Amino acid sequence: MVYFINDIITGALIGLLYSLVAMGFVVIYRASKVFNFAQGELVIIGGFIVWFTTMQAGLSLWLSIPLSLVLAGLVGYAIERIFLTKLIGESVFSMVMVTVGLLILLRGLVLLVFGPAVRPFPIIFPLKPLFLGDMLIPMNLLMGGIITIVAAVGLSWFFNRTRSGLRMTAVAEDHVVASSMGISVKGSIAFAWVLGAILSTIGAMIFLSGKSLTFLASDIGFAALPVALFAGLESIGGLILAGVIIGIAQSLTTNYLDPLIGGSLGSVVPYIIMLAILLIRPTGLFGWRTIERV
Amino acid sequence: MDPSGIFPTSYRSDRRIIRTRWQVLALVLFMALLLLAPYLVSGRIIAILNMMMISAVIAVGLQICTGYAGQINLGQAAFMGVGAYTASILASKTGLTFLLTIPLAGLSAALFGFLFGLTAARIKGFYLALTTIAAQFLFHFAVLNLPSTWMGGSNGITVPPAELFGLRFVGETAQFYMNFAVTAIMVAGAFGIVRSRFGRAFVAVRDDDVAAGIMGINVAATKANAFLIGAFYAGVGGALWAYLIRFVGVDQFTLFHSIFFVAMIIVGGMGSIVGALVGVFIIRIIQEIIATVGPNIADSVSFLGGDIVFAGMNVVLGGVIALFMILEPKGLMHRWNIMKSSYRIWPFPY
Amino acid sequence: AIAVAASMPLKAQAETNYNLALLSDFSGPYADIMPVLAGGREAVFTWWNETRGKELGVTLNYKNYETRYDAAQVASLWPGIKSELNPIAVVGLGGPDVAALSERLPEDKIPMFMATASYGFAWKPDSWIFNPRPTYSHESAGFLNWMREQRGGDGPLKVAILASEASPAYVDMAKGLELYAEEHPEEIDLVEVIYTEVQPTDLTGQMRRVVRARAEALVIQTNTSIVVAAKRGLQANGSSIPIMMSSHNGLPASGGALGGLDQLEGDFEAYGMAIAADEDTPARQFYETLVADHGLKAPWNVVTAMGVSQGLFVVTVIDHAIEANGAEGLTGEMVREALFAGPITTEETHGFLPSLTFTPDAPFPLEGLKVNVGTVKDGKITIEATGVDVPDVQKW
Amino acid sequence: MTMLELNNVEVTYSDVILALKGVSMTVSEGQCIALLGGNGAGKSTTLKAISGTLKSEDGTVSAGSIVLDGTPVQNMEASEVVKNGLIHVMEGRRVLRHLTSEQNLIVGGHMVPNSAELKNRLDHVYTLMPRLADLRNRTSGFMSGGEQQLLLIGRAMMAKPKIIAIDEPSLGLAPMMIRDVYEVLKQLKSEGTTFFLVEQNSAAALSIADYAYVMENGRIVMDGPADKLADNEDIKEFYLGVTASGERKSYREIKHYRRRKRWLG
Amino acid sequence: MTTNGGIVSSPLAVRGATLKFGGVTALDDVSISINDDELLAIIGPNGAGKTSLLNVTAGFYRPQKGRVELSGQDVTGLRVDQIARRGLARTFQGTHLFAGQTVVENIMIGRHMLMKSNVIQAFFQFGPVMREESEHREAAEEIIDFLEIEAIRNRPVGTLGYGLRKRVDLGRALAQEPSILLMDEPMAGMNSEEKEDLARFILDVREARKIPVVLVEHDMGVVMDLADRIVVLDFGRVIAEGTPEEIQKDPAVIKAYLG
């Protein structure tokens, strides 16, 4: 029973990590209506920046973490400047498709800049887990979970309660209308990418702390997708709930069902849950409902 | 816009794709050249053409589903896989002729696609795009976890060569003719579909599904149909793939492959069959150039080191694709059409 | 063939030239090891040309082809390779090469030689593709039996295996061992078969299952990332169940990714090939020769060893073929025949490979198989055992 | 003082379609000008050219200049044009559909420095258009066509621009509502706002405008003080729908005949 | 009026329709029925529920209470496309055209449901499909001639001005060969010249096709001149019904709407 509870807790925490990565998607979507297919690549880039500042440049964690976040923000900004600015005014669809190109490009770029080797990732959170009686909880996930919740609360306050948040929402709603109201679409999208890149980097730190880094890490982007859709693409707060549910379901499947079937149902369970939810609520739990009017 | 001097004289002639005598000539010449290709160019080129034709069938299907009907589909490689597996199983277990296995492969992929298409009745936009990713993962999971006697599990399936009247389709030349025949039929069929009432219904649903419904179009069925047709093409392409490689394994049909199919239709231009073909050509050609030029560069500029050159090549591939999308977000066909109409009214600027 | 000439200037005294096609993956998933692996195998061809080749009047030319580890790319490259090089042998790399060419090579009558262990799905008679090593399951079964003997006492060895469904090859590793354990309950008790992602989020929970099942060994033949995550999971559980790795995710790679070999103290790597340890073995000596005289630049590690052993495997077979058929007019078919004609001795491969006896029954030797075991002692890779017998594994 | 000046403006769509063929006009501060014209004449295009929203439709100002309050704004980013004091109320009822009516208004006033002022302006809009007050928490995408039209006008008011360029404000409004809206416009005008009014309801437009332009086929074909134009026979017939003698024609009596535009020949 | 087993049934009848969205009552027990070959105008202030009434009729909204009948058949709860296939066509407030498509293509989409060919025939493009295409294309061209939009036949509708779009919208509805036509503010955004043109088209349609038309419109001149009968809605209720003369004099209507 203790183990069962432990599995639930660990699952929920892993789910929160998915939520954090998914938050990268959602923030970009919420502020620009662009669905970023290259989110997983942002995670690796963030990871490599952290690796570079710590393992290569040899900075202490206190220095390298803030520096990495700044650098990641710059990368996000650069991506926006190079790839998306020119497309403002074009259909959102073209922007989304550019992110598909970005995915292919960034994969190559990571390989070119950082090389293909498997790198050790710095130990950012203590390796020693937290012991609660018989239960043990990985420190990186625990602290990551807290960070995720704080970030979610903060960002959802920002988007729902502040005027800047409302401005970005307006951009996501309709680029042309927003700019005709004097809202800088460019600024909003740039902000979104900066934030998205920073969130991805934090995600990378939690995900990879004490582990290894290769471009395989981008798979987390696709693991986080179901969480974003489950919550609904506009909902930041909803990510927490969605992440926890999906994380727990996945953990219980891998630990109790997979041994029985001798396969890896755990890795597809998030997608199955997502499909089921979307069939009931086509825009996720808290996503904006499609408005159809004639 | 028609070239001046060309006026359609009947509704049928107005429907024609090919409108001038020169175009007829060009098409005939092109087809003849293709047919003679095995006698004109090296095996390597023929092999590239084989790959292109198979990709073309799949990309054209995706174009119908995504470009015409507006249903973003990131599961095309999975649908292709279903077709490839179907053809392989039928060919290896029942010895059925490829004349039957190829259409059956299309049908079974179509069925799988249709199931996902049904969800499109409720799920829209990005939500739908991302549920099609689920198709990808579910396919992968199913192949690996169903009893291995069904779909070969992790072992994959070896495919006997296609045979017709004792003629074995092995080697790139023989396969070229087989692929050519199938591709020609499929592409011609695609033109038929998109210019028929179905094509118009697809476009209607893409542009405004509310209005489409009120026009008497069954929106849910149309979307499901779009998936069905798109997946049918993918299935046929998958079967051709199976006969070409003669071994299918689940890792040949990944999400990354699906993403490349999407890239192909974007580069070529959404909503145009020719665009899909152009996109396939461009992306495949870049890949082949990289595979061909890369080793030579690595050899001649040895101070760079092979790893840098090859990694750089991947960047080039990604970069060129991204660049296409940035500079020509509406695809090459769009640029072509603009060029065409400004050429026709030349020398007047407008 | 300009490139061929550029990469391998023709020697005036050589009378006969043969071509080898080298399939590489410099930009796909194995880009990390490719440069080193390529260095190893190319150095062997240089060595052979400069020594044996000179004696025989034969030069082996080679050319690398980039496959991006993609079956479609291999398939479209192949006809070009064939017409451009007309190679007598292909030096392959991995799964996509096998997938794309397994049905094609018999038609074109050109054999392909791999570097890695084999897979259950390639285990078919009359193959044209050959591995110097048996399947991963052979290797793990051999290792586990050795471990059980080391442990002594009664009862089977309790074992867990960590695999992934990300690639069918990874599934294959688990399936083979599962079948072996099923058929040999007195040897191996497979207590856990765990599937995870290629870059796992967290394996603490899964490792607790392994610990609670009292596993005595954990087999991970997939990739480095999984080894790292599993190690962290075991550490969190305060456990030191030894991990058995394979060559491509072996001690040096995994140790590097963990930030130091000391983290892997007491863990093992086991495969049917020389262990790249510090000890002065014949393999090590041959490596030093390659470095000193034949331009090899790669460090002494398992990947280099893999490249060198593959190169040696190829040149030895060709050597046999020349002996049997003379230096002139060699064909791919003759090369393949030579493989079955007699064993490739461990001396011929300078201790990189055990003695190999191929039959048309399988793409790898079915008898007399051996694995070597390496471990980390005091932060250093050492050879723990050599020539460990591989049991008879049934096809799955 | 000249608020807005167009000099020989040409607009092309998709590099090939020439929609404006050299349009010049002047709007002085505090003035209300009306731009009349048939379907496809290029009225909306003129507004889009001024406000910088052409780009989203693949259009550019290919010749000529547009000067807003001393700053050249042709091909300027739309959000920058707004900073120069112009708000464009676009046709097509483009509300921010998932936001509530009030959130739409707040977005309109997003440049307001403090929230007290924001509240003030909201109240001002609500007193001028009480219907919007009733709807404040309604998701705007679900509102009726007319309600959305009102919301757009309210949203423009929130920004308190120097000049409002408004595309068919009376579109889809009930007769009583049109009167109300024009009352509001008059009120704003008296407060000093400059208006650039594109309108099909010519009677209403001419009643408030000081000066009017008539556009056909991308060209200005007629212009003059509003009251003068209102007396012009053609304007009466084509735009005001009254016969030369000042009587309204019945739509039932319309016969199938081609009319001739006198100013074209 | 069709006689159906002795019972006289109107081409379109809405009986006691009530439609609520959360707290908003868009329609409150609304009943209307239309006679053969009649032009019924529906007027009312903004937000009165006119469009909602059309939406209920077309099956786009499902009323919580009440029924919709087409020629005596209950069609409540059918999908929009099923209702369209029973002969109901409509134009939209604003436009809902297929913006990227040309005028001809838009009109051909309107004919989709009248066409019979299947996918396989379309794929192989043999005989019947081609014949069907040509036939329907001819019908589409007739509509284009009728609406006098020949010149813009091959223009994408996205590039047309508002007024022409409305005309194409009408063309597309006519292409469905409806037995009843609903029009939601067709005159909005037109100057009086264009209104006259459109009025003429509406009159011609009635003359040629002899179908009943339901017209929602805010232009009183048009409504009073064209309508045979007028229904006035306010806050989702019918507050008056009668001939134009009666309505113009009705004090409730003057208070709520005309002002």
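By written order: A, B, C, D and E. Residues from 1 in each chain.
Heads up, the rule we're going with is that contacts are C-beta pairs under 8 Å (C-beta built on N, C-alpha and C of every residue); 3 or more make two chains touch, one makes a residue touch a chain.
Remember, predicted model here, so these are calculated numbers, not experimental data.
Novice: Count of steps on the shortest touching-chain route from chain A to chain C?
Specialist: 1
Novice: Out of B-D and D-E, which chain pair has the most contact pairs?
Specialist: D-E
Novice: What is the distance, in whole Å, between the centres of chain B and chain C, each centre taken as the mean of its C-alpha atoms?
Specialist: Computed value for the inter-centroid distance: 37 Å.
Novice: In angstrom, rounded to a whole number, how far apart do the mean CA points of chain A and chain B lie?
Specialist: Centres of chain A and chain B (C-alpha means) sit 31 Å apart.
Novice: In whole angstrom, how far does the Cα centroid of chain C sit from the Cα centroid of chain D?
Specialist: A distance of 75 Å separates the two centres.
Novice: Nearest whole angstrom, what separates the Cα centre of chain A from the Cα centre of chain E?
Specialist: Their C-alpha centroids are separated by 47 Å.
Novice: Counting only residues that touch at least two other chains, what does the list for chain B look like?
Specialist: In chain B, residues 141, 144-145, 210-211, 214, 307, 311, 313-314 touch at least two other chains, as defined above.
Novice: Among the residues of chain A, which are close enough to touch at least two other chains?
Specialist: Residues 90, 108, 111, 115-116, 263-264, 267, 293-294.
Novice: At least two other chains touched by the same residue of chain D: list those residues.
Specialist: 17, 142 - these are the residues of chain D that touch more than one other chain.
Novice: If we use the touch criterion from the header, which chain pairs count as touching?
Specialist: Those chain pairs which touch are A-B, A-C, A-D, A-E, B-C, B-D, B-E, D-E.
Novice: What part of chain B is in contact with chain C in the complex they form?
Specialist: Residue positions touching the partner: 42-44, 46-48, 50-51, 140-141, 144-145, 153-156, 158-159, 161, 170-172, 244-247, 249-252, 287-288, 290-292, 294-296, 298-300, 305-307, 309-311, 313-314.
Novice: Show me the residue ranges of chain E that touch chain D in the complex, using the header's touch definition.
Specialist: Residues in contact with chain D: 21, 24, 43-48, 51, 93-94, 159-164, 185, 188-196, 199-200, 203, 218, 220-222, 225-226, 257-259.
Novice: Considering the complex alone, what residue numbers of chain D touch chain A?
Specialist: Against chain A, the touching part of chain D is residues 51-53, 55-56, 77-79, 82-83, 87-88, 90, 94-99, 103, 106-108, 110-111, 139, 141-142, 155, 159.
Novice: Using the touch rule from the top, collect the residues of chain A that touch chain E in their complex.
Specialist: 294
Novice: So in the complex, the part of chain C that touches chain A is made up of which residues?
Specialist: Residues in contact with chain A: 27, 29, 31-32, 34, 164-165, 178, 192-199, 201-202, 204-206, 208-209, 212, 223-225, 228-229, 232, 235-237, 253, 256-259.
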